[in-house]
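What follows is a single structure, and I will ask about it in a moment.
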Amino acid sequence: MTLTPSAIAEIVSVERIVGDESKPLRGFASLTEAHNTDLSFFSDPRYENHLYTTKAGAVLLPLDFQAKRPLPSYLTQIYVRRPDQAFYTLVQKYKAPPLPEWGREPNSFIHPSAEIPEDTYIGAFAYIGERVKIGSQARIFPFAYVGAEVEIGEGTVVYPHAVIMPRTKIGSWCIIHPGAVIGADGFGFYKGDTRLYERIPQIGRVVIEDEVEVGANTCVDRATLGETRLGKGVKLDNLIQIAHNVQIGPHTAIAAQTGIAGSTTIGAYCRLGGQVGIADHLSIAEGSSIAAQSGVSRSITTPGKSWRGAPAQEVRQQLLMEALMRRLPELYPKLREIEKIIRHP
Amino acid sequence: MTLTPSAIAEIVSVERIVGDESKPLRGFASLTEAHNTDLSFFSDPRYENHLYTTKAGAVLLPLDFQAKRPLPSYLTQIYVRRPDQAFYTLVQKYKAPPLPEWGREPNSFIHPSAEIPEDTYIGAFAYIGERVKIGSQARIFPFAYVGAEVEIGEGTVVYPHAVIMPRTKIGSWCIIHPGAVIGADGFGFYKGDTRLYERIPQIGRVVIEDEVEVGANTCVDRATLGETRLGKGVKLDNLIQIAHNVQIGPHTAIAAQTGIAGSTTIGAYCRLGGQVGIADHLSIAEGSSIAAQSGVSRSITTPGKSWRGAPAQEVRQQLLMEALMRRLPELYPKLREIEKIIRHP
Amino acid sequence: MTLTPSAIAEIVSVERIVGDESKPLRGFASLTEAHNTDLSFFSDPRYENHLYTTKAGAVLLPLDFQAKRPLPSYLTQIYVRRPDQAFYTLVQKYKAPPLPEWGREPNSFIHPSAEIPEDTYIGAFAYIGERVKIGSQARIFPFAYVGAEVEIGEGTVVYPHAVIMPRTKIGSWCIIHPGAVIGADGFGFYKGDTRLYERIPQIGRVVIEDEVEVGANTCVDRATLGETRLGKGVKLDNLIQIAHNVQIGPHTAIAAQTGIAGSTTIGAYCRLGGQVGIADHLSIAEGSSIAAQSGVSRSITTPGKSWRGAPAQEVRQQLLMEALMRRLPELYPKLREIEKIIRHP
């Protein structure tokens, strides 16, 4: 690609350009890594220092930006409403690797009862089971397993080695990353007459609404009865465990290696850090924010609060407690001193 | 399906029925989710309230059940010895999705030296290596990798994308869930003369006894020498790490994302919560119960106790410690007060 | 195999042999598990007791070994400079299962534009995409997915079900264990005008230097821009999460289930225990040692120190704090006693 500041103004809405409007730009990079043919962007005030030292050829700047010092003379300034958005739009248009064309690679296994429109991609060694329904513009990569009666919506991408077990329903414009396992049996047993653990048959399913992402090697178990559900716009990172009958509200984002135990409900617009554990049968209020490595063992009923620690408390309480814990080494000598004074005054 | 209370009495042992014996039942659901054509069950006294408000058409009740209030008039009561067991038996019989028929789908790779009985299922794109032996009624799903000299017992199910590395031995009636990796090399290195980490060759294997479940994307590493072993009836949830040379005793159940480090032995009938970590070369006594997110760095020698925390302590000690930690914010001011008093009495 | 102490002396450098030089040895085992036809070794002084009770037929001993008690009479002693190294060299030579021969199994998918030397192994159902370059002596196992423009160096092994997403670069003599996912999209979103989470296009890649191991079901995400990089000799255990733009210095080893958040840099020669979490945008100094289950939320700037806890502190401080936490139950009564005394002296 070769792009110029003036060509950028034809793609995204630019208020004004300061500097060389015809400077050739060949790549995209962060302020600290950019070379003189790269476009960069500035939007987080914490990194303003990088602006004065960047080697980038051009930078996208917010409309209200006021430089505290002179910017490098070789740096073309392109003022836009939202530099991050403009930058990612350009990256997507010029550099994102193309998805595969519609069509079917050889050596796939497609059951004759499956319904698959023409405008889809089915990779080599993809497995499409009985009565599967796939929406138009969907892409099923090599080694994807799509079990019987699965429904996959329009534009959804199923990456290599993802496993979609039977009767799962996936909405439109979702992305299922490599190695994700959706709809495996939940971990449920009852005490039998002779065996300690008899399997509880897991006859429910997983329902994934539109615009959801499921990260690499993440597991979402099917429900015992009923549904395990990921709401619209939910984003799951890698290596997450979602147990049977969990419900996750719309637009909740969860970082890697977090685990949600069975039948727990997470509200909409929550944010969970990495390696969080949430116990079973809880309810987490809308808009909760839970710090990495926290352990939640009680329901959270007040919406919109931040939590931290194991067992989790409100973040300020927990930070205070952590600070005081680190002061324990000074507390004990003080106590001994006090004892000495009162016993031998 | 259509089932009636009187038809149920022909399948499971029913003591008596109160209400409409010929009510048509078409599904299975929990008390809170059931509609008027669903069968439900009641066995956990904590949920008795749901009995008085359920919309279910019929409910399985324990023989000694005494209603505290009148049950809904439309609710047929079916009294059985164990409602949970009766319910799951009926679910399994009427609703569990059928496993695939015996036979071989096209496009599998089966080494001519493999021994596979007729009454097995081998999915498309399954890979069966040299000298593999598979028991009758076993099911090997698409994309399963079964390495050289693996033995798989009668009735065992290997789900899509499971990887069984060479020389692993799996017993009868086991379930290997999607994406599980059994028999990958352990993580072992020694300091070489020129390299910091030289690989220790991992020539041991994994042995899995009968009736074991290994969860989705769970890893069980082969032994360095000798065996990594999962005892009879062991149940592993998803995303668990079992390192080389670990031994897990019969009927131990482990929840998701827990990790057991190398050469540790876990006794029989233990229960480990999710995200637990157990250090290497330890021994955990029979019947130990370890709470979620605990970290165990010393052997547990007394059997049958409950543990919690990181580092783990007996649960009562740990809960007391946690409670006192949360009281630290009141302790420090108190201490300052005391100091004030004794210094300026 | 049948080996004798004198035959061993032809393979590894032996200083002297005490006992039967022609004793037939058929296997390798640890001191505690060995039978009378097994070779064992002794190098860790903590296990010296096992030497006096072992049933092994022969043992490799360090040159400076001085027995405190008489060794068993049937135990042939073979003195070498480094018993562990000698033992593993022999194990590798006599017992390590052979890797597959060069050649191509049927049913692989190889894009005509891929460059693959003759002296490589390509398993059944391997997928090799457009313009892939594979080095000589590389082995690509069944169900490996090797995306477009991936480069794989000489002698590298890609085990079954590993996923190498497009444009990843892997060096020489690496091992990618089963189910590992390398180069999936990073977890990055920005606030859109209408959607809370718009995807940030992930156009960077993963670069893996020589002699790296990536464990089973471990995930290494591609960079947003630029590179996610694993330095030479890095060893990753199973089920690890390496987020986008992470840099890991040479010869750093990380145990299972640890997660490193986005853009964090880990120095060379670090050792991270299992289930550790490291927050994003941090820098961890060279030679740091971080205990299992620690949580690191600030950069570590002093090299070569040991850290523990969540939030992590230097190990001695943390151990002191943990010890004092366990003494809280005795602190509170003491405080009450003091209060009593000063208020009612």
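Lettered A, B and C in written order, each chain numbered from 1.
By our rule, a residue touches a chain if its C-beta (ideal position, glycine included) is under 8 Å from a C-beta of that chain, and two chains touch if they have at least 3 such contacts.
This structure is a prediction, so every number in the text was calculated from the model and none was measured.
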Arrangement of touching chains [line / ring / star / complete / other]: complete
Have a look at where chain B meets chain C and say same if over half of the interface residue numbers show up on both copies, different if under half do. different
Copy-to-copy rotation for chain A and chain C - C-alpha atoms, rounded to a multiple of 5°: 120
For the pair chain B and chain C, the C-alpha centroid-to-centroid distance in angstrom is 27
Of all residues in chain C, the ones touching two or more other chains: 107, 125, 143, 161, 179, 217, 239, 257, 275, 325, 331, 335, 338, 342
In their shared complex, chain B is touched by residues of chain C numbered 28-30, 33, 84-85, 88, 91-92, 95-97, 105-107, 123-125, 141-143, 159-161, 175, 177-179, 211, 213, 215-217, 233, 235, 237-239, 251, 253, 255-257, 269, 274-275, 292-293, 322, 325-326, 328-329, 331-332, 335, 338-339, 342-343
In the complex, go through chain B and note every residue touching chain C. 107, 109, 125, 127, 143, 145, 147-148, 161, 163, 165-167, 179, 181, 184-185, 187, 189-190, 192-193, 195-201, 203, 217, 219, 221, 225-226, 239, 241, 243, 257, 259, 261, 275, 277, 279, 295, 297, 310-311, 313, 317, 320-321, 324-325, 327, 331, 334-335, 338, 341-342, 345
